[in-house]
Amino acid sequence: MTFKKLINDPFDVVDEALDGFVYAHSSLIALHEPRVVVRRSPAGSKVGIVVGGGSGHEPAFGGYVGLGMADAAACGNIFASPPPNVILSAIRAANHGHGVLMAYGNYAGDVMNFGLAAQLAAAEGIEVREVRVSDDVASAPKGEESKRRGIAGDIIVFKCAGAAAEGGRPLAEVERIARDANDWTRSMGVALSACEVPGSGRPTFELPDDQMEIGMGVHGEPGIKRGPLRPADEVAGVLVDTILADVESLRGDVALLVNGLGATAYVDQHILFRAARRALEARGLNVVRGYVGEFITSLEMAGASVTVTFLHDELLALLDAPASAPAFRN
Amino acid sequence: MTFKKLINDPFDVVDEALDGFVYAHSSLIALHEPRVVVRRSPAGSKVGIVVGGGSGHEPAFGGYVGLGMADAAACGNIFASPPPNVILSAIRAANHGHGVLMAYGNYAGDVMNFGLAAQLAAAEGIEVREVRVSDDVASAPKGEESKRRGIAGDIIVFKCAGAAAEGGRPLAEVERIARDANDWTRSMGVALSACEVPGSGRPTFELPDDQMEIGMGVHGEPGIKRGPLRPADEVAGVLVDTILADVESLRGDVALLVNGLGATAYVDQHILFRAARRALEARGLNVVRGYVGEFITSLEMAGASVTVTFLHDELLALLDAPASAPAFRN
Amino acid sequence: MAGVRECALAAADALELARDELCRLDSPAGDGDHGVTMALAAHAVRNALDAAPDASGADLLVHLAAAAGSVGGASGPLYASALLAAATTVRQAGPDTGTVPLVARCAEAAQAAIVNLGHAKPGDKTILDALDPAVRSLLLETSNTEMGDALAQAATAARAGAAATAQMTAAAGRARVLGERSRGFADPGATSMAIIIEAAASAFRGRPPRSATRP
Amino acid sequence: MAGVRECALAAADALELARDELCRLDSPAGDGDHGVTMALAAHAVRNALDAAPDASGADLLVHLAAAAGSVGGASGPLYASALLAAATTVRQAGPDTGTVPLVARCAEAAQAAIVNLGHAKPGDKTILDALDPAVRSLLLETSNTEMGDALAQAATAARAGAAATAQMTAAAGRARVLGERSRGFADPGATSMAIIIEAAASAFRGRPPRSATRP
């Protein structure tokens, strides 16, 4: 089975989509060059925030450019990190002389490309720090946190880093905060069906009709195991339990984010949110902030993930700070 | 083939989903009773706006409750209009003594249920007016506009009516504006694959692998014909041409809204937006406002629609007025 | 002898069994939910019956109307208005309950209420295409006819009317858009109406309704 | 005789033909895009070759590195760094071009660059598992070996290395998460590397690369 798509030439997907997206949000964002989304009115004197990654995850990453979030997003091909020169442009656009923090998901390709871009930027005298989001507990065991993938936790890290930068904090502080947000954030998801990279002619994976993939990444990379499809309450229980088992000292207040991967109906996402909230509260945690919707998708994949951020006062204040990006407003 | 869902009991879908949705947006909205979404802080002295319809269209309709939009949304079962008593509660919650305008899509069930509710409200002394959104050009020929279904044009009508009410206009004016917004708004969509009403055990329709349904409604009701799947530029051309053929005097400035039905990737929606904008501009129109995303979905249906609002100064000002609802911010 | 309560329970049973069939019929031209909507109505009907163990026939009909209406959609208000009209007819009849002519007058009033609310007419491929032949069948009976026989005749007429909708072009409800493409399958609302009348008839005969015998 | 340009064109042809195969290999453990990424790289390579009709071998390698790198992902920077290292090696060699030992030194430098950037090692189920045996094969050759023969030997070694990845457990890249479940299919990056070396060999032999003969 292949997926029905409303596209033209598969190789033009990213550029045509960016054209439409940016035009529709032109009060907030603009294209700096073909693959670099920037704020419509550049921010003033502050640390610059660059986010980015492969395309196919819309509204990530261009949707998180705006006041209180990122200054620029570097966009790659579908499911492929942007190359160093695109990231370098984003760094230059975001730089206002106070240094730049890059926050991106921890994938081999992104690590290499963002790393190369940081070297190029350093050669131009721009101070660049990197924080790799690594919230997906399914992607490496405890003790190997730095090997974990970044999934919907991206949004929490972008939000906190963006708020810190907007609040005038210096680069080292913004970096510390982004790292702290990442350290306190854990996610895990399930996939119910695959998606198709345009031009590839095939779904990214095959899953029997009655099965789900537990721990699926946001590109269709397999998870940790397959199991029969279960009711939302049970799925939420498994995800929440796995997340909580990974954390040592459970704090009282958490933010809960449920992310739809693309093809899963909003009613399902909302039901999963309710189920995850109840699961967290049944385990003694207090869900004080909630977010539900499609924050980082996998084209038309079906499934969803649960993200929990264990809050302290600083993180909560940063989450609540004003933001005005196409995909996140406060 | 059935669809994989993250739900619990199919009969609990609507209430569990509303619980999750409202909790996650509790800074803006609240549940007034199980199926009535209201603003968190009720509006002051102004005409009340009630919207509503079947569930399964999320973020419609609860997502359009908030400052500058609706005061209350009445939510039905999946794809089923809410019953009169639920609508009556919404009317009561929205009423601040200046009358209530109800705006909803023109479907047999909604017409009956909202009509009955209006009679009940009138019996309580609440002045109620109704505007039925009827933007879907595929659902009845020119000359029979009042038989047309309401699809994504809902959002334009809700926005304009909400802004007018928030601006302190009296009921007759708010009604006139809502009607005017509807009169200047036309939509048409395509479906690429079906969805499944929870508990029904089957997709709402069957569509061969290489076909699309042209003129599909937002509930999986069939459209006007089937045809082979075509590239986005061609699909946009057909939709735009059909819309423009329906309008007598073409005005210069338009707002363009592209709505994803649920399972279609955002890149596809963005590409369709770009294609529709180019098609409109090639035909001499000027796209001065753009909206793209999932505004009114059909569970996990794949497909998208194009909505064009032919603008005059008053409508543009109302579209641009401040709004702060879960699914629409200005 | 069966009364409103027994007929309603039989109808609830039959509608729940017919859930898949009614969804299937609502798929080609509608939105695929009619079976779910009627199953929700059946559930509400059971709750209403439980909540009013001692209600009279007319009162029960009012409770049933509220239950049917609570599901919304197109069929909710149509069935609700039909049941309300029947309740009014029973009330106006005073002590004269449980006779075939009264049931015929109830059915007639129900039909009028549906027309009044939905503005459809027989031949439009709606609920009315099952109800109208049933009403006409009932009006032909005399007070000498057994209730069970009268309802059985009406059920046969309703089922034939529902079956005949397969050859009709929809002129009301969601299926209207389809026009000619709406031919070839029976109308879901007409089918649920036939199922309900069949269930009422079987309640009087002490047999399970036709639909309940299916797998 | 074939040079950098002919090898690059042959590789672009072969990669475009292998698009489906490389996507298929990237599906079970990766994100299904490797064929698309390498086809995009092939497209960029053609543009780079067209834009530099008179460039020297070393300059062409730099342009090819930019083209390969422009596609991003994991494979973009890895192939880019490999090509850049090869360019540097050619430059340092001065006039001594087109010899088998120089090609071997280029391949060795390319491998070192990939290790340096990606921190993987042979056996991790990556590009290196095709490149490493090819490098070792080339280093065994002497300056007396025909270039075509040397590359053909290297291509055979690369293909065998790529095939052997099917039995490996991934320890780098996206597939790492899968662990044991990653066994049973060849690594897409190792396969594209084998295809490229095969294409280079066939350019020297004037034959179409192996992959191009498939349907």
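The chains carry the letters A, B, C and D, assigned in the order they are written, with residues numbered from 1 in each.
In this text, a residue touches a chain if its C-beta (ideal position, glycine included) is under 8 Å from a C-beta of that chain, and two chains touch if they have at least 3 such contacts.
Not measured: the values here are computed from a predicted model.
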| note | Leaving out subunit A while keeping all other chains fixed gives the grouping B, C | D
| query | When the C-alpha atoms of subunit A and subunit D are each averaged to a single point, how far apart are the two points in Å? | reply | 32
| note | Note: subunit D sits from subunit B at a C-alpha centroid distance in Å of 52
| field | Centre-of-Cα separation between subunit D and subunit C, whole angstrom | value | 72
| message | Give the residues of subunit A touching no fewer than two other chains, as numbers and ranges. | response | 78, 198
| query | Touch graph of the chains shown: is it line, ring, star, complete or other? | reply | line
| query | Across the complex, what residues on subunit C touch subunit B? | reply | 19-20, 23-24, 27-33, 35-37, 39-40, 43, 69-78, 117-118, 172-178, 181
| task | Would you pull the subunit B residues touching subunit A in the complex into a rising list? | result | 1-2, 4-8, 13-14, 16-21, 23-26, 55-56, 58-59, 78, 190, 192-193, 195, 198, 209, 212, 229, 231-233, 235, 258, 262-275, 277, 287, 290-294, 297, 299-300, 302-304, 329
| field | Residues on subunit B engaged by subunit C in the complex (per definition of touch) | value | 10-11, 54, 76-86, 107-109, 112-113, 116, 138-140, 147, 149, 196-205, 215, 217, 219-224
